[in-house]
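Each of the two complexes below includes chain A, the first together with chain B, the second together with chain C.
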Partner chain A sequence: MATTHSSQDSADIYEDTVVIRLIQFSVLWAVIAMTAGVYISAELLWPTMDFGQFWLSFGRLRPLHTNGIIFGFGVSALMATAFYSVQRTSHVRLFAPKLAWFCAYAWQLIILLGGLSLLAGWTSTKEYAELEWPFDIAIAVVWVLFGVVFFGTIARRKIRPIYISNWFYGALIIVIAMLHIVNNLAIPVTFGKSYSLYAGAQDAVVQWWYGHNAVGFLLTGGFLGMMYYFLPKHSGRPIWSYRLSVVAFWAFTYSYIWAGPHHLHYSAIPEWVQSLAVVMSVILLAPSWATMINGIMTVSTAWEKLRTDPALKFIVLSLAFYGLATFEGPMMSFPSVNVVSHFTDWTIGHVHSGALGWNAMITYGTFYFMAPRLVGVPLYSVRLANIHFWLALAGTMLYIVAMWGAGVSQGLLWLSVDEIGELSFSFKDIMASMQPFYALRLIAGLIFLAGTCLMAYNLSKTLVGRKAVVVKPPPVDPAYAIGKEAAV
Partner chain B sequence: MRDSIYSFLLFKALYEPKIAFAKLAEVDPAPLRILFRYSLWLLLLPPLFSFIGASQFGWRLGAGTPLYMGTGTLLLISLGYLFILFFGLVTTALISRWMADTYGANASFGRHVALITIVGEPLAVASVAHLSPDVFFNALVLIPTTIWAMYLLYKGIPIALGIPPERGMLMASSLVGWLLVAAVSLLGISMSLWTLGIGPLLGV
Partner chain C sequence: MMADLPTGFWSGWVVVLTCVSLATLAWVVLSVYFAPPDKPDAEAHDPVWDGDLREGSSAPPLWWFWMLLGAMVFSLVYLMLYPGLGSFEGLLNWSQGKRLVSSYEIYEESFDARRAEIANLSLAEVQADRALMDTADRIFRRECSACHGVDGRGQANLFPNLLDVDWQWGGSPEQLEQTLRGGRNANMPAWEAIIGEENTVAVANYLLEFDNREHAGRAVYEQSCAACHGVDGAGNVFLGAPNLADNTWLYGGDLDTILVTLREGRQGKMPAFDERRLDAAQLKLIIAKLAR
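Right after this comes the complex of A and B.
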């Protein structure tokens, strides 16, 4: 129920301006963090590209790349889509809109200052949790406030059922808060340095409980929330099986949390913990693929939409890569595969099949869907969006195949022994032989980044200088309503 | 017979794929005939080239001396390769046939076998790169070929199976999902076999 009137009572209209701002921040971080990724991939080819500057070295730019993508691009996109969809599935304006604005800007400030601190060399050394304790506290506070806005909106909803996308967004908020706080418990020494509360193998277990579930509940669960709201909206069809989506949610939530120790095979943690992680990783395949099938079947009857909607293609393909990544992960958790694949570039390829193929593609599709609707004009250029689609597909495929080739070669060469049991190749020689694969990866990254820049241009032309369309919540079917609107 | 789909299957489909897809749309070929008279010959090429290349030059993974293996091990690897390719083609055709109901495509199994054969044909021919078993050289040849094969899949499904291009795009994307999973499974299975002692000598 969109109107262009600006004299509406603001209490009755959806708060969408904050959504627009978050989309813009998300795209900005995507360009910055992907550029950092391309730069460090070039450094692996030409190490002198750091020009002797510490802040340009691989060790400092790499966490900037990962944190920028996960927390800058990813979380900003998740906040934007959560704020957009929770209003529409609850039929109310955001709870405490000013708090939502505070979350949006405070989050960007944390990413900006946190990124600079990484370049300055502040690091806790924990992967994906490198930011030091002052930032950890700030993240925890803003994250809890994000939860207050989200759950506050759900608490004030006018429709009884809580739609499935909100279950996933809710799990994202609760589980990430738990993981972040527990993993980052530390003893501060100075303003920029702290030491983990855990020691040795226990620290490793806690770290990978965090690391794997950050992938699980942020990069998978959060983005599934995005998928469950925007795919049916996009295709104009209800979700193929709502029951399957609920079963998959609980199976996903239960099994994912155990799988972290598969990052620590053949290490000094108890063997039963490693075995449990493998079993849970394999079980995880069922809910992951149930969700994929649910998505594919939802869109399969809406093929006419592809004629007019370039964004739907991104979402369709993202489901194919989601299927690949969620199959590849459990397979790589098998000890007999892991012994060859671990510490090789195959892992980097696996992460990017998820990050580029699934997270980025579904976000791009969603942004192309949301942007024109938020400001009430058509997308600036459908042609650019179509070109972006093929660049994104080519970049992702080239990246994955290059890393498969590099990873298999490294695994084989590192473990090759001669007749008397000595290693056949030196580490230095093996790494020197990886140059061609790293060159392919650099080209792949440039192609993918070029597509993202096209999107940034396309979306800025669509959004900049325009106000959010005023949208009022539609009436609720009395059969599902709660509160005053409920049927008597 | 000259202009039938059969005359296209082995060579002409390489340079006239769209005509081959159009011809395929006119017939419902017998699946076993396609499989054993045409597809099998193409499937034999990669294991054959791989056997010759690895036995003559060794696997060149980029560092130091090439890896050489005994004839018995190489034979086993090549037979496994052939089996996996055959299994891959049949299962892909079966899955394509299974998906046909969802996407309103033609349900003749023979047509799906022929379609997958035509799509995979460039890859079978490009496997001549295995004669020089250098991983990077093979990646350099097979990556553009794979992109071409994906293009054929997206273009071929709507023509050969008689569905609108948009619906074909959805079906092709679903098949790409399956093929990506199959490709990564191949890597995983290979590594498990190496760990078990079948293949190169690894210190595990």
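Right after this comes the complex of A and C.
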């Protein structure tokens, strides 16, 4: 362990070195996985860019891009922020710090080897769950250990009420464990190949129950945990309405889990399953916007900080994109809209308004917030962080607009028929006409990636070669204290 | 579809689970939203985490409550109208199966008469109609271009050029229809095992200068190749044997490729496009595009 204190001393200081390491890994995966994304977007313009190499083909780089972003960049960031905030909201050092270190490194190993296995062509073919069974087992084990560290810390907390961010991180850990294990149940054939336990329509329902709720509880629930800790912390304001957060939490966890089958409209799955997914997707708009309102109102008395603070700018802007994506989602879940949007680039645009605008931006904001505080020096360059902010915003907007244009065109052109009932446009011609949109998307991706690289440079200048600041838990109001402190 | 609707116990399970869940959600929202406000002196004792983190006590906005209520009312109405609550089919009696059937009906109503007309037009009439020929181009790009290329000029030295003068299986409208409807299988045997390497090389070289009747390969040609490709090399559209006397080569006309063709043989497969794939109108349009 990197801390220099004796075990006696370190018993009551926060374990922050593991957080620093996880931030660095997260940024590394962000750069790698976004580069893969930019590369495959270029392949859509110039298909020969795979140079005849299987591992450079779209089919192998695409899962590397998605898995790298979700599990490399996203989960490393979630672990980092969960470890950082759960200690501070529990007023206690991480439970089993060595286990936390094990989780951090084991996870990176899984992502590294898993990424290589995807390039080698291993795949279970389930979207966002492509990794084969040896990796699935490893993920399940490490994930449960992550839960042990997190809930162990909560169990040993010194303050009785559990802060709202921990509810979201807790939901993330529990639900993702359940989804991951159930969806990946499979019969191994060889070390690199297995067959799912489910077949046909059941497989589809289980897969999208997983796929949609991976978005729901990992990319939304977990990142909401980030929002609920870092936004009030950074703006110095209390969360606007505690009651709204409670209502939003329960309505969110309750309705999200039903909504997956809206990915399977007009398919062989039963209609009642599709209808319930529509209904729950519509209800889901309410808790999503409740959280957005709660966040915006929290900073509403601290707008002046937005002028000077890139970290807060990122977090507040991410809420705007969160509101946009969570409005678009329920609309796309209507069968009549889905007829146009499904299988088009509209879906890609929707995903990226969430992934770039919401997930990446709030993560960038929290990293810019945490990094200087973790090592006790100012951020290497606020100017670079401000440039990063504008690059991220420009990249995201351009990306979404390009994909809206491409997706809506595709959806409408595919459905159009001429006066004798033949398709008005051949698929190939529509595909060819997408070039300008794909070029815009490539530029957007490059802009966003450039911003991320700036951040990688900025954070490494801030973090590398520095030790974590020693931080002790502040005293707890005796009225709410647990255990020793309560007795004082 | 009907068959997908759960019956008996499972239908009840879906109904109860859905309704109880919606009711529970409504109850949670109501009880938290409209709980009596905290006592004024409780403010001082609000928990503080991490030095300065607090949970604010602002009353949640009423319009949000109406928004959620609206969503829930919408849900109930939706579940009354569409199949969603177990085996209840919904008041609109809508199903995706019925929608599919009605889509076909609407399509047939709108277009069947016109399509029957097209199927009965003469090729010349179709070819004179600019709009129909545009449609034919699109059908061609959808159904044929994967093999024969976007422009129909063949590709990969495997799939014949459809725009040149050569027709492997004949270019009359009747022959084209036969090719499309029934598919074609061309079979060029692997000759090296039969005639030996020396003769293979000799005949390959002869094919490059077909008019040179003095060539050493001519004898081999007449003995082994002429049965299908003809003494004069004009080919045979009934066997799908290409013309070897012209400058058009199906699989490539350089010496190496000709040697590969002779040594390993070639199998040319044109799949059949039956009525489910190309109806009478579509077939007419494709033939009008190809026939000259």
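Worth a mention:
Operating definition for what follows: the second predicted complex is superposed on the first by the 476 of 488 C-alpha atoms of A that agree within 3 Å, B and C clash if a C-alpha of one lies under 4 Å from a C-alpha of the other, contacts with A are read in each partner's own complex, and residues count from 1 in each chain.
We take it that a residue touches a chain if its C-beta (ideal position, glycine included) is under 8 Å from a C-beta of that chain, and two chains touch if they have at least 3 such contacts.
Note that the structure is a prediction, hence the values are computed from the model and not measured.
Once both complexes are superposed on chain A, the partners chain B and chain C fit side by side without clashing.
Judged by the touch definition given at the top, the superposed model places A:L276 against chain C, while chain B stays out of reach. Legend: residue contacts after superposition of the two complexes on their common chain; A:D477 is shown touching chain C, with no touch to chain B. By the touch criterion defined above, A:P378 reaches neither chain B nor chain C. Of the two partner chains, chain C is the only one that A:P238 touches; chain B does not reach it. Of the two partner chains placed by superposition, only chain B is touched by A:S300; chain C is not.
Look at A:L423: by the touch rule set out above, it reaches both chain B and chain C. Shared-chain residue A:G200: touches no atom of chain B or chain C.
With chain A used as the common frame, the shortest Cα distance separating chain B from chain C works out to 7 Å.
With the contact threshold set out at the top, residues 297, 418, 421, 423-425, 429 of chain A are in contact with chain B in one structure and with chain C in the other.
Only residues 292, 296-297, 299-300, 303-307, 313, 316-317, 319-321, 323-324, 327-328, 331-332, 334, 336-337, 339-341, 346, 353, 394, 397-398, 401-402, 404-405, 408-409, 411-413, 415-418, 421, 423-425, 429-430, 432-434, 436-437, 440 of chain A touch chain B when the two sit together in their complex.
Within the complex, the chain A residues that touch chain C are 88-89, 91, 159-161, 163-164, 229, 232-233, 236-247, 250-251, 254-255, 266, 269-272, 274-276, 278-280, 282-283, 285-287, 289-290, 293, 297-298, 418-429, 474, 477, 479-480. Note for the complex: chain C touches chain A at residues 1, 4-6, 14, 18, 21, 24-25, 28-29, 32-33, 35, 45, 47-61, 64, 67-68, 71-72, 74-75, 78-79, 82-86, 90, 95-96, 107, 110-111, 114-115, 118, 131-132, 135, 138-139, 141-142, 145, 150, 281-282. Residue ranges on chain B touching chain A, taken from their complex, read 59, 61-65, 67, 102-103, 135-136, 139-140, 143, 146-147, 150, 164, 166-167, 169-170, 173-174, 176-178, 180-181, 184-185, 187-188, 190-192, 194-196, 200-204.
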